[in-house]
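These notes are about the structure you will find just below.
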Amino acid sequence: MKLLSLVISLTLGFLLLLATADLPDWGDPQSPASIHVSNYYIENSVEQTSVPNFVTSVLADYRGYDTMFETIVIFCAGITVLTILRRSHRQKKKEVRPRPAREGKDLILISAARIIAPMMQIFALYVVAHGHHSPGGGFQGGVILGSSFILLALAYDLETILKRLKERSVIIMSGIGVAIYMGIGMICLFLGGNFLDYSAWSSVLGVSAVEARSHGMLGVEIGVAVTVMYIMFSLYADLSSGGEMDEGL
Amino acid sequence: MIKEQLPILILAVPLLASFAITLFARKSKIAAFALLVGAMGMSFVFAIGVMRQILDTGRVIHYHIGNWQPPFGIELVIDHLNAMVLVLVSGAAFLTAIYSKNTVPAEVPYRFPGEEVPERVPNYYTLYALLVTGLLGIVATGDAFNMFVLLEISALSSYALLALGGGRAYFATFKYLIVGTIGACFYLLGVGYLYIKTGSLNMPDLKVILTSPALAESPTVMIAFMLIITGIWIKMAFFPLHGWLPNAYTYASTTTSCLVAPLMTKVSVYMMIRLMFSVFSAHYIFDRLGWQNGVVWLAAAAILFGSISALGQTNLKRMLCYIIVAEVGYMVGGVWLANADGLIGATYHILSDAMMTLCLFMAVGAVIYKTGDASLYAMRGIFRKMPVTSVVFVIGALAMIGIPPTCGFFSKWYLVSGAIEARHWGFAVALLISSLINAVIFFRIIEIGYFPLFDEQEGEGGHHAHDRAVIAEAPFSMLLPMVLTALSLIAIGLYSNEIITGLVGRTIPAGLL
Amino acid sequence: MATLPFPEAAPLLAILVSIAAIPLIVLSGSKPNLREFWTFLAGFIKLGLVLSMAGYILAGNTYTYELCKVLPGLSLKLTVDGFGMLFALVASTLWIVTSMYSIGYMRGLDEHAQTRYYSFFALALSATIGVAFSGNLLTMYLFYELLSLSTYPLVTHHQDQEARTGGRKYLTYLLSTSIGLALPAMLVTYALAGTLDFNVHGIFPAETAKSTLVILLIMFLYGFAKAGIMPFHSWLPGAMVAPTPVSALLHAVAVVKVGVFSIGRILTGIFGIDLLSTASLNVIVCVIAGFTVIVSSLIALSQDNLKRRLAFSTVGQLSYIILGIGLASQLGVIGGMSHIAMHAFGKITLFFCAGAIFVATGKKYISEMKGIGRRMPFTMAAFFVGALSVIGLPPGGGLITKLQMASGAMQADLLFVLVIYLVSSLLNAAYFFPIVYNAFFCTEEEAMFDKKVAEAPMLCVLPPVITAAISVGLFFFPGLFVDFARLMVTGL
Amino acid sequence: MEKYIICIGVALLILMLVTLVRVIRGPSTIDRLVGVNVIGTKSTILIIIMGTLLGRVEMYVDIALAYALLNFIASLAAARFFQRHREESVVDAPQRQEGPSC
Amino acid sequence: MLDFIVIVLLSAGILFFFGTINGLLRFPDFYTRMHAAGKGDTLSTVLILLGLALYSFHHPSVQDLLTGYKIIFIAVLIAIASPTATHALMDAGYESGIKPWGGETDSEEEVDK
Amino acid sequence: MNEILTAIIAKYNYWSFLILLLIGLHAMISKNNLVKKVIGMSIFQSAIILFYVSIGYKKGATIPITEHGHGHANEVVHQTAAEMVAGFANPLPHVLMLTAIVVGVGTLGVALALVQKIHRVYGTIEEDEILEKIKE
Amino acid sequence: MYHLLMFILMMLFWILMSGKFDTFHLVLGAISSLIVAWSSTDLLFQDRGKSPAARASEAGRFVLYACWLFWQIVLANFHVIYLSLTPKPIKETLSPHIFNFKTTLKTDFARFVLANSITLTPGTVTIRVSEDIFVVHAITVKAAGDLEGGSISEMERRVAWVFEKREIGGA
């Protein structure tokens, strides 16, 4: 196996190395990748979407379809892990836990978490809301939000945090997140546009088509953030407790 | 208005269903089931609608998502070929959804000794809808990177569905995950290499850019092509990259096998065809690279390997899995024969093979559902106890063997014609040998099912938990889709000319005519 | 073409009528009389439909009915011509007789699963008529395969170990040859000719290499293994495990004759008689078939099991027919084609008799049948007539066609075939006459049956008598079938 | 001044590479974690230095903040994980022979 | 003046970071190394961040002030987080049974010295 | 040959990603420990992400956000199209990689969940031991 | 009450981070602050016994404490540098050991500050706090002594002064 693997890897390496001479220099502003589609985004983003962060406009609008599915990947991964790992509530009690329980609560961690978590949350919301203007957005904000709960779960234990975030609502909320994204896109159909054509919202929102795109993006980013946050936490909860939802790490 | 929006609705409906199941049907198995079946049915209807539009107008549908012009935005591109595949995927998913009514609640919550997790049923349906969405999305998209994302959605949800087989399924699925990720990453890397040379991700745009002579000479483009094709071959379990498939599909639960086994490999074949001719070109692949001879030999090897391995199996599902490996060889070989007949055969075989695999997995699933046993000897006396299932199985088997007028005959016809035209006798012989081996395989099983008395002495009879005396016909929810699938095998065969001239033949690239 | 004396879809209806009977048979499974009524009804309708077209065909017409296009330039299509009509007449007549016999036999032995039996029986008949009316090779192949499959449950009807072995052999031979040889040969033919429609002038383009033609010819000859050309013959004796009416049907009508008919079709409709003789392909056919004729007759001589002996006799007679058609001379083709009918009536008589003996006495072996003629005089008389026809002695219809074939051999200037005919006829006589002789001419002490043994039930005895009578009738009036065969040749 | 900041950045980078020695040498998993944690904290600084040098510090500071938070949580999670999996964390470290003095 | 303070802060940060690494590499056991990491990492990071924050006040505007404020906020965060992380790692090592170095020469680290 | 070699060496961004890629692939195929396989998978994916991100880099360009972070909401940026194009990096690879990262995280989660289940079923995560237990 | 305090705090924090003062972003900020105030007030303000005024003065005292602590951290770092660079054999410079002590501090937060202060100040690191028992690792005997008899009490006293506004006996 080792030998086979080496042969495969080295063959691949050799092939890729062969192509290297043919690839453009690193950072060449005239390379095809840097001019064709890229320039269109750079030149037109502000004008067409009023979003100065091109990554956001490409992510949530030009390629919003990709991003919708990316959110669904996360949703899917969450459901997958939950379905694979989660065991019944009823049988949990009978099982003898293989791992020793932690002795008492860790006061230092808990105190630090109690200070840091709310700060993280407001920061995360800031990151979501300012995706148009700074390197942020739904994914980043969602990850930070989810992490704030993971921090709490690390400091206390999983059961305590699951009293705050109900296990049932975790999955439901992650579904709501994707539904927000999808819903914003679907409503465009009823407003006479194509799927995910946020400019169709302009009549409802009472703003220009360009601004409607900007608001549409914010809307989907919120959906993304909700899903990412809950699934982040769900992944942590499932994986750290082996699907038992008891102690966590 | 709805007519213009049909392309997106095909996949939006199953997607909505997946959330709806999560949001509203977490408590009720029946509600989840109803949502799923409803969504799959709607999707199927929309897919037929799109196909009708294309047949009526004869024009390729370009649906610009977000109303952005390609290549800047992502578009759905639906032509005759993928209209057919969309109908196939949504139709098969619809039938399997109906089929799942009894099997999923009976199997999915109990995958670990002494374990019962009823919550898994709605999750299962959510993942089912997501898998179908992913597959439909792969088929509909006109964007190379978007295809990767959807590929991963279908892959992730299929990991979950396969892993729910429990026990050995976990390890088999893990290996599938590793191999599948390698495949997907190869694809992603290939797209990256294309992007670095072209600056575009939109397939029609890529095709235009790639026609420039400078790019045709570029080793980067060649390596991009190799990476993409290898990645897809891994995903479709093309010999010798097939190792993951038999285990992964064998230990899965019944409905999962019925959904995943017919569709995943076939959609990968579709991907291969789409990328070969809609991103690269027949001219580039067959004239400039000229690897077709080697690939067709590999396909011949795949066919022989798959068939011979299938011959040695005693587990029904594993046997069917090896047949899938052989069938993938049929399709890859057909495409790479580099002529119109071969490509028509391969494309038509996507349809016919998907349906016959579905038919056989459904019939076998019904037997397993009733007997609790997946070995060949589960079939003992089945012809008397489960006559409808048996007839369905026989029709599926005949299609696999290639007996007219089932569809299997006609795809083989074209494939062998293509082989003859390409003077590739090895492939033709491999096809015939595989038909013969299929005949042996299936008649061995039919014999077991037909002669009730003798397997008692011969087989491992006795230690089965189920009392064979009480085995009866499968429930209606399983019979209905089974019978429909079996009938479709004959219908697809009898309408092969319409399918080929109306759909399959319309997308043959100019270089092959 | 403006007015047809029969419904437009008559060929299709002739095929479908027995399939349509299947649901009725299944539904009335618990009422045997009603069930058998459907069988008969379908049989008569079928015969009527076939007959309705007979006059039209005899007038020199052919009739084509296209079902559907399945591949570009290739459709599923039914054509009624002389050869097809000849075969369809034989098959549909004999079905009625066999059905009658089946009732006697199956009820007499109180066999299980009779509903299944009659259903597949009907399906097999549909396939047979389908082969007879096929307008191209593809359609023929379709019905040919359908027949293989639909007769499997009949062959293995007893569902015991022996049936299983026999059935396995049956399918292995038939499917492997049809998929492994006939299908690729058909594909290559299609690739070369661009069509598969039968044409009396052949369909191969003139520039086709001879080596290709030879290979294709051999693939076709062995590919349709129902014709039982050695070495692909051994399924036939193996299939003797079937109930006797099935054997009768298999050996006299449906299965083997379909094989022979298919090869005949290919020789005349795909290669064309002209090509066969000009390219000397007929020599190949004659050598292959002649070998089978002689060897199988010798084997038949050594069989003690009556049905097995009849089976090997069939193997020989089938190649006889192929030999005739393969001569590619006018008289040879006419003789060969008509011999399908002659042999069918003769051989089915023999099988019916064997079955009647089994029903009445339970005996299978020739050495146990001494003196049986005294107890079952009608049966053995019919047997005698059937044997005469098969050997080619008067007053059996076989004589006429054998003579025609012999003349055909001279016409084709292939004298060694004449020798084969003579030797084989002698061998035929050698394996049939001892049976008849022992049945009647033995002392009371030698006789193995006591007085209690009597004729089998009426429905078992009547059919062989009828078919024997038809055999004799064909001696005096061979015209019907020979005329159909002649139509095929005069078209040239 | 900018040059000075570049120097600081380079020095920081070199020292981070030196820290890798601890990560590689271990000997226990937790020893490695200590090294990783230090490198993670310093990466935060590097991000800000990069932003400063590129003139877009107002953008990079958000990234740095997020990074610092996530690094902290990752360290905690890793510590927690290895606290549980004793065998793995002290795979080649000498075993504790006596209990703590408490 | 501002530049001078910045330089001092940055240099001091690098100096303490150097000390941290020195301790991290040379101390004999896990616990003692944690001393270096816990104290040095925190201080050096905070100092450098303060320096960078001051540097961003170079052309005082609302935006730059806010940026500087954010950097200081990161410093505060690290001042809370770093000792906490140190504690967590320490606790993990303690729990998982790492033996404190007792001056004996049985540790392989000892040989390095 | 020499030219090719110098060209290869000059384009260090490509071969540095290549080395990571090969390490990851090798680990995925050859490692016996399932967790190590998963780690290999992550390395493999990261290598591809690096590759894409390196495509997005443009000499002399900054991150693709036009406005000053704390500027006013609708402040118009006075820049010519040519300046814009030269001044901002290609946003597309970043967008694509955000997706790839997310996909990677999803796959990683599922892989770890499977490893946990495998551990529960077989009591080990060493591939050879698992195969041995399956055989029994 | 505390929710309002939390909201104001978060809004302040938002404005400082956002730097955008248009209505749209302020509204977004208000919504965000509401969400956090709704979900996390109990985290930041668990101990509700104290009045806001008490909290404010506490914060003031804490700043003073932080300055003192900062100086201690600098000292601690010099200590580390000294220990790691000293040419003396390590056996002589280091005599690490683990010891426990019992704190008199009552509130969790005070204990947290003390624990982290111990970690940051010379020679000692807090391993664990369970209830009122601190498990501390000291790198030298002197450091341990400091904590037990000298600087520990000093620090504990200062922390108590900040959070519990009382004097503790000792040095």
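As written, the chain order gives the labels A, B, C, D, E, F and G, with residue 1 at the start of each chain.
In this text, contacts are C-beta pairs under 8 Å (C-beta built on N, C-alpha and C of every residue); 3 or more make two chains touch, one makes a residue touch a chain.
Treat the numbers as computed from the prediction; the structure is a model and nothing was measured.
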Worksheet item: Chains in contact with chain B and with chain F: which ones?
Response: A
Worksheet item: Which of the two pairs, D-E or D-F, is linked by more C-beta contacts?
Response: D-E
Worksheet item: Of all chains present, which has the mean Cα position farthest from that of chain C?
Response: G
Worksheet, complete the sentence: Rounded to the nearest Å, the gap between Cα centres of chain A and chain D is 24
Worksheet item: Just curious, how far off is chain G from chain E if you go by their C-alpha centres, in Å?
Response: 16
Practice prompt. Calculate how many whole Å lie between the centre of chain B and the centre of chain D, each centre taken as the average of the chain's C-alpha atoms.
Written response: 47
Worksheet item: So, what's the distance in Å between the C-alpha centres of chain C and chain B?
Response: 43
Practice prompt. Name the residues of chain B that each touch 2 or more other chains.
Written response: 145, 149, 152, 156, 159-160, 163, 170, 195-196, 201
Worksheet item: Residues of chain F that touch two or more other chains: which are they?
Response: 21, 25, 29, 55, 63, 65, 68-71, 92-93, 96, 99, 103, 106-107, 110, 114, 117
Discussion item. For the complex, give me every residue of chain B touching chain C.
Written reply: 398, 401-405, 410, 413-414, 416-417, 420-421, 428, 432-433, 435-436, 439-440, 443, 447, 450-454, 493-497, 500-501
Worksheet, complete the sentence: Per the touch rule, the chain A residues reaching chain G in their complex are 103-104, 106-108, 110-115, 117-119, 121-123, 125-126, 129-130, 133, 152, 164
Practice prompt. Spell out the residues on chain F that touch chain B in their complex, using ranges where they run on.
Written response: 21, 25, 28-29, 34, 37, 41, 44-45, 48, 51-52, 55, 92-93, 96, 99-100, 103, 106-107, 110-111, 114-115, 117-118, 121-122, 130, 134
Practice prompt. Please name which positions on chain B make contact with chain F in the complex.
Written response: 145, 148-149, 152, 156, 159-160, 163, 167-168, 170-171, 173-174, 177-178, 181-182, 184-185, 188-189, 192, 195-196, 201
Worksheet item: Can you list the residues on chain F that touch chain A in the complex?
Response: 3-4, 7-8, 10-15, 18, 21-22, 25-26, 29-30, 54-61, 63-67, 69, 71, 74, 77, 81, 84-86, 88, 90-96, 98-99, 102-103, 105-107, 109-110, 112-114, 116-117, 120
